[in-house]
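In what follows, structures are represented as structure tokens.
Same chain, two partners: chain A is paired with chain B first, then with chain C.
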Partner chain A sequence: MEHSTLPLQLDNYLNTLKQQFNESPDLVQKVFHIKGQEVVIHFISYQIKKDRLERELLESLTKSDKPWSVHDLQNKIPLASSQTVSSMDQIAEHIIHGNVVVYLPGEKEAVAFLLPQQQTRALDRAETESLVFGPQLAFTESLVTNLNVIRWRLDTDDLVVEKLIVGDRIKSEVRVVYLKSLANEENVDTMRQRISDLKVSEVEDTSVLGQLIEDSSSSIFPQLINTELPDRFCNSISKGRIGVLVDKSPTALIGPMTLFSFFESTEDLYMRWNMGTFIRLLRFIAMALSIILTPMYVAALTYHYEIIPTSLLVSLGQSRAMVPFPPVLEALLLEMLIELLREAGARLPTKVGQTMGIVGGIVLGQAAVKAGFTSNILIIIIALSALASFTAPSYLMGTAIRIIRFPMIILAGAWGLIGITFALSFILIHLLKQKSLGRPYLAPIYPFQWKDINDSLIRLPFQKNDTRPLNVMPEDTSRYDQLKAAEKKDVDPS
Partner chain B sequence: MNTNLIIKPDKAVEAFYLFFIVHTLQIGAGLMGVPRIIFTESEADSWIAILLAGIYLHFVAWIMILILRKYDNADIIGIQCDVFGRWLGAVLGMVYVLYLFSILLSVIKNYIEVVQVFIFPEIPLWLMSSFLLSLMIYAVLGGFRVVVGTSFIFFLLTIWMVFTLAQPISYMDWDHFTPVFHTGFLDLMKGAYKTAYSVLGLEILFFVYPYIKNKQKISLPVHAGLALTTFLILLVTVVSIGYFSPEQLKETVWATLSLFKIISYPVVERFDFIAIALWMMVIIPNIVLFCWALIQSLNRLFQLPEKPSLYGVALLLFLASILIEYRVHIDKLTDWTSTLGFWLVFIYPVILYPLVLIRKRFRKENSI
Partner chain C sequence: MKRKRIILIVLLVLICSGCIPKSYIEQLGIITAVGYDMAGEKSIRGTMVMYQFDPSTTSASQVVTSEAATSKGLRFEANRMTSHRLVSGQVRLELFQDQLAAKGMTRYMDTLERDAKVSDMGLLGVSEVPTADLLKINNSKESSNSGESIKKMIEKSVDNDVLPDATIRTFMHDYRDAGIDPTLPMLSSKEDTVMISGLALFKDDRYTAKISPQETFYLLLLKEEYKDGQFQLQLPDEALKEFHKDTPGPSEEGPLHVSLHEIDSGLNIQPKQGDPTEQDVKVTMEARLLEITKDVDLKNKKAIHKLEEEIEKKVKSDLEQFMNVLKENQVDPVGFGKAYNAKNRENRVTNENWRQQIPNLNVSFDVNLKLLRHGTVE
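Moving on to the complex of A and B:
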């Protein structure tokens, strides 16, 4: 564009700007005549707060007793965020972001005042990662609100918030959040490097950014955690991990992570350690059951009926006597049914969803058994493993586990226990090869780190659990130095 | 060729993992059938034979560590070239390559046969061998850290099977061990010699030594690994001798696996099916580590790039495993491998050590 730089005369300026906005009807251009001087103001009507515009900007602008200069505009108008801009592109960008741009025709610079109005929802309870116990707050779509919450939870000047811009066509603001004295510098560099090296036209959401910067995007296992819980986010940051926020996204990204951290919930910390440990172990058992149970059923019934105890074999035989399909087909059918119910439940409107779930689950299940479609025992097994897969606190991990089951059922149907062992071995080797921000994914099991087991596989009392996760390589590893000393100063020293 | 290797610190592992590397490599296809093999030679005194073999095992490990300590960061390929010169060293390196290949093949063949006999008579040979080989390729492609991780994780996932032996132990007949010290010395030595195939794997120390971070601390994990191996072989053999009658044991090819047959729990009637399927997880660290050593040796000897040689080796193994079909041939292969392994692993280091010493002294005098 030939007229893209200031200074411009009034008509020329107005036309250029109109063209820049594709003749948009929402662009307000208003010319004031103050003390014989022309002052142009423009903004997009729904992007700014009108009452503040009138009260704080227009009032002082029109009440001036001498002609305005750029310098005066910046200093005499009682608005904190003002900025000078000098090209038409910059002016357009500022207007889009909720600025009111004031231009004095003929000057080299215009002044932009930030008066943004964003339509955001209020802070709400967490929906996908709901907690029974502990803080209930969830992130919202507004980056400013999220940062506000994080600053409030981590009120220390140690907190670093770096700003990066991603996207060539539609720009998204990305913030990298970490504690300066804790976060490992290599981790921060890796994260920053991967984000700033991205050459994409737009980033839709945090999870998309996560997939773009992950170590291995072909793996089924997520390597960075997506969370909507500020308490989980801040907890991870305070252990030396690095968080990423993307504007317009209600989730945040945390890394580096290990496989086991996907089964941790902050709730484990809020509960007493023995309950926390129990629940955490329960989740691991649930994961193992969820992966193994159905394939075992298929393998046992197709090839190795010898491993089924005699008493069970009788009732199993009775319930399967009517079923016309081989066990693989039977299991796949039912697994598909469960997945259908889950997906339909997620898509249906909330009011219908629950009813449909109950009707679909109970009616279909009952009818399927009555019609001789499946055996009772398989229904129990499938329901159990579906239930177990939902215990993973991370939705992505739960989904990954459910999907792994399908190839395993097929392998079990084709080659029995050998197929299952092959699949399990493959998954294990695959997990061994994974990394998260270059840190081993299977830590603290491999590389074995005794001190990290305290708060990953199990959760010990806080006195025992006095180091930050070592696989993250925090700059300062010790957490509770004073806890033992404090015990000695109790009132009753007996 | 450089005698010493230069290893990047992020590729090296702690000495602690040597315990798992050495142990998982020793326990594999051999353990499945070791009781009968020792029993046919040493009868009721088999346990003495195993203990003798175990003591010798520790002695060899001690010698191996002494040899390795004479160098900064060398593996066996480099040491041989240093001691015997370039050509003879390369020839001896080829012997190692040959040995590694044949042990890989025999481990794969033995396991496939067990699967075919115990659970899946109809499973095709090519399928089983492509299962094992694809896992091997996948793990070895991940580099040394993944190779070590495989042995570590799979050890943790399979070691619990030892505790299931509690059931056969409760059925043991202690009379099978009497009379004690009845077997002649020669038969005891034969029994100890026959243990060789089951405890091969110690030689991995010669290959992984450059990749260990804290080299001063390698003795403890290595010896602990050997001790556990000896203990497991001892346990399995003693339980088999006590559980089976002598005539029966001589007929039972895979006594260890047959022991699993009577193990049953409220949820699992026949444990042996699960044990044999899980045995794949015992086999995988074996083939992965041997294959890694093989690729490593080829790279050191001929500067072969790792990926193509890995695929080449896998293809050769695949073809060989399909071509060898009959039990007789597998037995012959196993016998041949265990003889070669016996000389290479248990005798050769004892000869090599004085040669290394002479070479080092010779060097010193030369340099002064």
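Moving on to the complex of A and C:
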């Protein structure tokens, strides 16, 4: 633009600004004549709070008894956030972000007052990561609200919130959150470096940022956790991990993570230790079942009839005799059906979705067996493995497990047990190679770390759980003294 | 580079998968039990119980019979009689007619053992009647597969300490080990039901003699330790005369039978240093007296003590008698030679020299019984 810098005369200024906003009808430009002085005010009508504009800005602006200067504007108007801006680009940017810009024609600088009005939803219950027991609060799309919640949960001045801007064309505000005395410097540097090195035109969401800064974006497994739960976020921060918030996104990123942390839920901590350990082990078993069950069925029925227990042989054989497809096709068909149901359930409006679940689950399943389309044992297996894949507390990990099944089934159909072994070895090697923010992904199994087994694979009572996860390399590993944590004092009623 | 590797893997999957023969379960005739009979001088007759799945038929179980010179040939011949391909991967029971077993089992066992598809944990048995008759008996209509029910019968008996282990693995192990001979359950049929009639003793791989269930108990007593066995004994009629109750009951007359339950036995075979034919065997038993056919005053400690002594005496004499049976047949199913080998480095027993030494075996028994409970409320 030609006249992009101040000072400008009134007409010139108004025109330039209009062009800058592509003649937008929403841009309000108002010229006041106060004590013979022209004062220009502009804002976008729906970006600011109008009542505050009138009460706090216009009132004091018009009541002045002497001409305004830039200095006076900043000091005499009772608004806390005022800033001077000197270029047209800056003025435009401030207007977009909900500022009211006041310009005195001919001056070198304009003054921007922040009076933003953001349409955000209120804090709500968690939907995708719902807890039965424990805090129900979930993040919202507003960064300010989210930071507010985090500050409230972690009220210590140790909490560091760094601001970074990502996006060349559409800028997004990103906050890196960590505890200064705990978080490993190297981890923080890595996270900060990766975010600030990003050269992208825009970042749509936290999960997009996560995929962009992950160690291996092509892997099936997510390496950073996406969570909508502030309690999970804060819990991770207090263990020395690093969190990332992106404006306009209702989830937060946490890293570095291990494979096992995707199967942890904060609920395990709120439950008593025995139940916590039980649920955690249940999830691991469920994951293993979910991956292996259907391929095993395919392999056994295609190649290895020897391994079928004799007592199961008759019922398996008789239900299979009706089915016209080979087991691979049968399994793939049914897996697709389940995925179809899941996807339809997710896309359909809530009320219709429930009906669809019943229609798909019961009617289709029953009819498929009756029509000799699939064997009823496979229906049980598929339903079980689908159910098992939903037990992962992280939605992204659940989807990863569901995806892995398909190549496994195909391999089982092509090579039998050898194919399954091949696939499992492949997955294991892949997992061993993975890193999260440069930290090993398969910790504490590899590299083996005895102290980390507690609170990753199992959960012991809190007295025993006296260290922070070592694979995160926190600056301070000790949480508390084991003996002191267990100490109890009874006050005798006298 | 990476893409090339992925393409290679995908190609391998596609190409190599063609090499593996698929065996869809619904297209197979899955043999679960096989019986071998003598058919002539050179050929054998095989009876195969198999599952064959057809949507139209309700019963999946079928029996086919064929004749051939070898055991694998049997399957080949039988294949011409079935709509499904016969496979042997689920064979869990192999029965041999006694005449066939007397000619030596190794040539059949050898192929069984080498066939990786046949489980080593499959069961073996010898039959007094042609196995074809046994396997065609459909005694219980619910479990239509007679092979399956015979297998369960043997399995149950092994679990309940009535029969020694009858798996292929144990048989081959005992056959190859020096100083021990294998045994197998002996089956027979009676009024259209299959029953276990005793135990078949083997000399090397040849069936030589059959012992009764009573004698099987003594073999087991010498072979392994009972955890939860049970046994009936007949004692001399007047053994406990002095402890009979004063009021004569209805069971005063007739022989004295004793039923022992929950037998927990211990075994200690002590061969003499350097001489495998001299062995000391110490048997300790703890049992619960469940039944006694005479009205004996069991509250009397002395009566119990006397009863224990009588049983010990009887068990000892029976064991000695049982040893005579073994010596007559020149077989050693207990494994005295093996026990000797385990403790001695010199003058070792081998498959060759042990057979001649068996008749010279001199075993002295020391039986010790303790009756733990006798069900009398005091």
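Everything that follows uses one rule, which is that the second predicted complex is superposed on the first by the 483 of 494 C-alpha atoms of A that agree within 3 Å, B and C clash if a C-alpha of one lies under 4 Å from a C-alpha of the other, contacts with A are read in each partner's own complex, and residues count from 1 in each chain.
To be clear about the criterion, contacts are C-beta pairs under 8 Å (C-beta built on N, C-alpha and C of every residue); 3 or more make two chains touch, one makes a residue touch a chain.
Everything numeric in this text was worked out from a predicted model, so none of it was measured.
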If we overlay the two complexes on their shared chain A, which of chain B and chain C does A:282 touch? Say first, second, both or neither. neither
After the superposition on A, what does A:416 contact: first (chain B), second (chain C), both or neither? both
Answer with first, second, both or neither: which of chain B and chain C does A:306 touch in the superposed model? both
Between chain B (first) and chain C (second), which, if any, makes contact with A:359: first, second, both or neither? neither
Partner chain(s) touched by A:170 [first = chain B, second = chain C, both, neither]: neither
Partner chain in contact with A:429 - chain B first, chain C second, else both or neither: first
Check whether A:372 is in contact with chain B, with chain C, with both or with neither, and answer first, second, both or neither. second
Once the structures are superposed on A, label A:321 by its partner contacts, choosing first (chain B), second (chain C), both or neither. second
If you lay the two complexes on top of each other, which residues of chain A touch chain B in one and chain C in the other? 303, 306, 308, 310, 415-416
Which chain A residues qualify as touching chain C in the complex? 300-303, 305-306, 308, 310, 313-314, 316-318, 320-323, 326-327, 372, 410-411, 414-416, 419
Interfacial residue positions of chain B with respect to chain A in the complex: 13-14, 16, 115, 119-120, 123, 127-128, 131, 135, 138-139, 142, 145-146, 149-150, 152-154, 156-157, 264, 266-271, 273-274, 276-278, 280-281, 284
Give the list of chain C residues in touch with chain A in this complex. 13-14, 16-17, 20, 22-26, 28, 30, 32, 51, 53-55, 60, 87, 89-90, 92, 117, 119, 148
Chain A residues touching chain B in their complex are 303-304, 306-310, 415-418, 420-422, 424-426, 428-430, 432-433, 440, 442, 445-448
